[in-house]
Amino acid sequence: MNILFIGDVVGRPGRQAMKQHLDPLVDARMVDLVVANGENAAGGFGLTAEVGRELFDLGVQVITSGNHIWDKKEGLDCLLSEGRILRPGNYPEGVPGQGSAVFSTPAGGRVGVINLEGRVFMANLDCPFRVADRLVEELRQVTPVILVDFHAEATSEKIALGHYLAGRVSAVLGTHTHVQTADERILPGGTAFISDVGMTGSQDSVIGIRKEIAIEKFLKQVPMRFELAKKDPIFSAVLLDVDERSGQARTIERILVRS
Amino acid sequence: MNILFIGDVVGRPGRQAMKQHLDPLVDARMVDLVVANGENAAGGFGLTAEVGRELFDLGVQVITSGNHIWDKKEGLDCLLSEGRILRPGNYPEGVPGQGSAVFSTPAGGRVGVINLEGRVFMANLDCPFRVADRLVEELRQVTPVILVDFHAEATSEKIALGHYLAGRVSAVLGTHTHVQTADERILPGGTAFISDVGMTGSQDSVIGIRKEIAIEKFLKQVPMRFELAKKDPIFSAVLLDVDERSGQARTIERILVRS
Amino acid sequence: MNILFIGDVVGRPGRQAMKQHLDPLVDARMVDLVVANGENAAGGFGLTAEVGRELFDLGVQVITSGNHIWDKKEGLDCLLSEGRILRPGNYPEGVPGQGSAVFSTPAGGRVGVINLEGRVFMANLDCPFRVADRLVEELRQVTPVILVDFHAEATSEKIALGHYLAGRVSAVLGTHTHVQTADERILPGGTAFISDVGMTGSQDSVIGIRKEIAIEKFLKQVPMRFELAKKDPIFSAVLLDVDERSGQARTIERILVRS
Amino acid sequence: MNILFIGDVVGRPGRQAMKQHLDPLVDARMVDLVVANGENAAGGFGLTAEVGRELFDLGVQVITSGNHIWDKKEGLDCLLSEGRILRPGNYPEGVPGQGSAVFSTPAGGRVGVINLEGRVFMANLDCPFRVADRLVEELRQVTPVILVDFHAEATSEKIALGHYLAGRVSAVLGTHTHVQTADERILPGGTAFISDVGMTGSQDSVIGIRKEIAIEKFLKQVPMRFELAKKDPIFSAVLLDVDERSGQARTIERILVRS
């Protein structure tokens, strides 16, 4: 089974890169399921129902997210009750939305998707390792094909979760830093891993933000009104070939397309 | 001029990867200058005079460093007075060592090297952007070929410094996360950039540390005595081709060799 | 000379506590100069020209601030060009506003006021210790009576600056935590010190915020729209008696008045 | 019932302040139970079996702790299996030691003690609010007299937990900042509260550390070998009068004795 996972889609430039590259890629590589991290899809900060629909129309079947999913407050509860949109599963009890679900591919395969958020340099959430234990066990009742989007800052935490889940899930894919890493590999037990899938958005920027403003922020250390960059959109993803029977990944391939 | 920059060398496995790969690479690619980040070269934490000498014997001409350079306290002042070892230049006045220097290649070229450390999620140092301004101006009196090792955690800070120095230095190369990124490129003005060169050390690990211990640390959140991992050493570097006249980088090539 | 320093004024409840307590206190204790930290004076977040005027009308002669001064973006430059409003002096060069000034009391005394911000758990500013060196030296050309508002989170950083400046300034007064500490004392050399002066605002709250919302935030770890608490306003300040000739503080007295 | 709670005992100076002040205080105020936070009792960093015994011999019946309890690694498991020594209860499952227990006073009263650690600017532990829910419910099966040592950095988190547990426990007492706050009060429902009880150790210091070294650390931003300060030991505590039947606190009194 071929699964395409697209890294943090940032605003309109990110959505345009998807419009340009997604369909041809799905065709050429016979992709069965498309998952995209949408935490920055609406104007760079958060997600709206409208932008969610746009991503689904572009061919995405599952949207994962991360710390920025809370940025747009209007319609958030409604958005998170949409079954195809996940937020990290290690937010505490009582927070709206869900952190995992099982999805069916057109060909009838079943894929469990888990979304988690790191804690190093981030929020005080429940332990992603222990929540992973629970969610993986739940999903394995249904399917051995399980994908984890681990939205985290520190390479140490991401790699540790990869090793921790090796042999139990099909893939642990990092998001959040907006920079694709070159460490994709198959861990023992058939778990595909990459520290970060990277961003789908304007590369002539500072992780999607207009570079002049980001530089000014570093120089002055006062709050700034960020604006999205527009130039040089890139499309960042990984393509997984997963054995449906065992859930083991056979290959992980980095994809980074410049427009 | 061909410059090879090697990312954080972690302990004996890192030094062994260098022993295996450095000489052939220098020969094959006609490398003029070898720079390596040595902040983790001694047992994973810091640097000693002995390990410094070992790196120089292996063919390194300049050692840069970062936050871990202070880990081994014995002989530190002596080490940092060795002209070929740099520590980040944005430590405050009064801290031993130097953050930049000019080095000569065997062929008679001159290369300025600047070492800086990020502040996001790290220590409260002087502003790396403003210190860069000063050091770049100083070195440009001597040579247009200038290399910056920016030892930092956050992708935003690294990319922002890249854009900030674009056109003024030959390269801004990130270190510290121990994971190579796939975003190498030449910024406008001829500045080679990569968010992180990656680690030279055991890949079957969590950024160089034995994975079982790192996982235990994440699960328990109490201090652990870390041990170095030994298996699967990798060699991570970038190779730059820099125009000696203009100081502009013509190419940046990622190198990641498994043993 | 009697100087009254009022800790972080939080919104309308804080201003009302001032209306009630300031005048009688100034009369009873023959206060020569009133300084107040106004970083939260406008609705709990930042300061406006209008609220600044209100504080001046209430009898404040100097307004200091801190990290929240940047919250209200409209009219900020104008506000910070008002000579009686300070922002921390260790923001980098190029940031609007000033971090120190000399003020005259009605009786003709001169008081230097310095505003600084901590870095531990806060922003990446210039070193408050070194900026203090410079600003103290400048002000001492004019007057030996110098007051420092050190707006900082960590007790260690605040106490360290107190010891660092002991004998060089009349007082180092902490702000920012919104909780008054009981460690007021005169350090060797005649420097009055307190880790935190505390908040002037609603005590039936979480540092000024409605407690139900603050608790929900800790339970859920997602962003919340904060609202100001209104009940039980308190007035927190310290009263200093400073020798005008030497600049040495004779006494520091904590003031905490419930309404 | 009179309960004396002593804030972070720092090294030998702290223990000597206890030797001097504890017995007379227990006599004069007819104290039924003495609890002390011992996370810094051994040389300023951690606790040993020997120092634990010394504290018990001085009259302490229960030792609570915090983030520094892990500093001395030898004998730690043994230490934490001693029933009278608690570590924060919101460390994850599998960590040695316990976070709550019930103790009997000589007069036959029963006091539940809970130890928790904050997460703001600290480690990624389980939610102290939710763990408090569970532990309070457990202890209330046995006794309504319940004391919480909340070892935390941020005033917001401490005050929020106070309000959260108001009416359910006898006291929420903050520790960790080593500076006594002046905000002691009885919250609605009879819960005594103070943001921080303060340190029992050398006051002529930076939170217990020799001030020259602490200042140097702030100036240079490199690791330092800390040494304990010795001069001017202070004894910081709060005295609670708790109604045994209801568990409600009648009074909370701050105690700060200079030697």
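Order as written gives the chain letters A, B, C and D; numbering starts at 1 within each chain.
Methods note: a residue touches a chain if its C-beta (ideal position, glycine included) is under 8 Å from a C-beta of that chain, and two chains touch if they have at least 3 such contacts.
A quick note: this is a predicted structure, and the numbers were derived from the prediction, not measured.
K.L.:
What chains touch chain C and also chain D?
P.N.:
A, B
K.L.:
Please report the minimal path length, in steps, between chain B and chain D on the chain touch graph.
P.N.:
The fewest touching-chain steps linking chain B to chain D number 1.
K.L.:
So using the touch definition from the top, which pair is joined by more C-beta contacts, A-B or B-C?
P.N.:
A-B is joined by more C-beta pairs in contact.
K.L.:
Indicate the whole-number Å distance between the mean C-alpha point of chain B and the mean C-alpha point of chain C.
P.N.:
Averaging C-alpha atoms per chain gives centres 43 Å apart.
K.L.:
Measure off the straight-line distance from the CA centroid of chain A to the CA centroid of chain B, and report it in whole Å.
P.N.:
30
K.L.:
Please set out, as single numbers or ranges, the residues of chain D touching at least two other chains.
P.N.:
In chain D, 92, 124, 127, 130, 219 touch at least two other chains.
K.L.:
Using the touch rule from the top, collect the residues of chain C that touch chain B in their complex.
P.N.:
92-93, 119-120, 124, 126-127, 130
K.L.:
In the complex formed with chain A, which residues of chain C make contact?
P.N.:
It is residues 70-71, 73, 91-92, 94-95, 123-125, 219-223, 225 of chain C that touch chain A.
K.L.:
For chain C, which residues are in contact with chain D within the complex?
P.N.:
Touching chain D: residues 121, 127, 129-130, 153-157, 159-161, 163-164, 177-183, 195-196, 198, 203, 205-207, 209, 211, 214-215, 218-219, 254, 256 of chain C.
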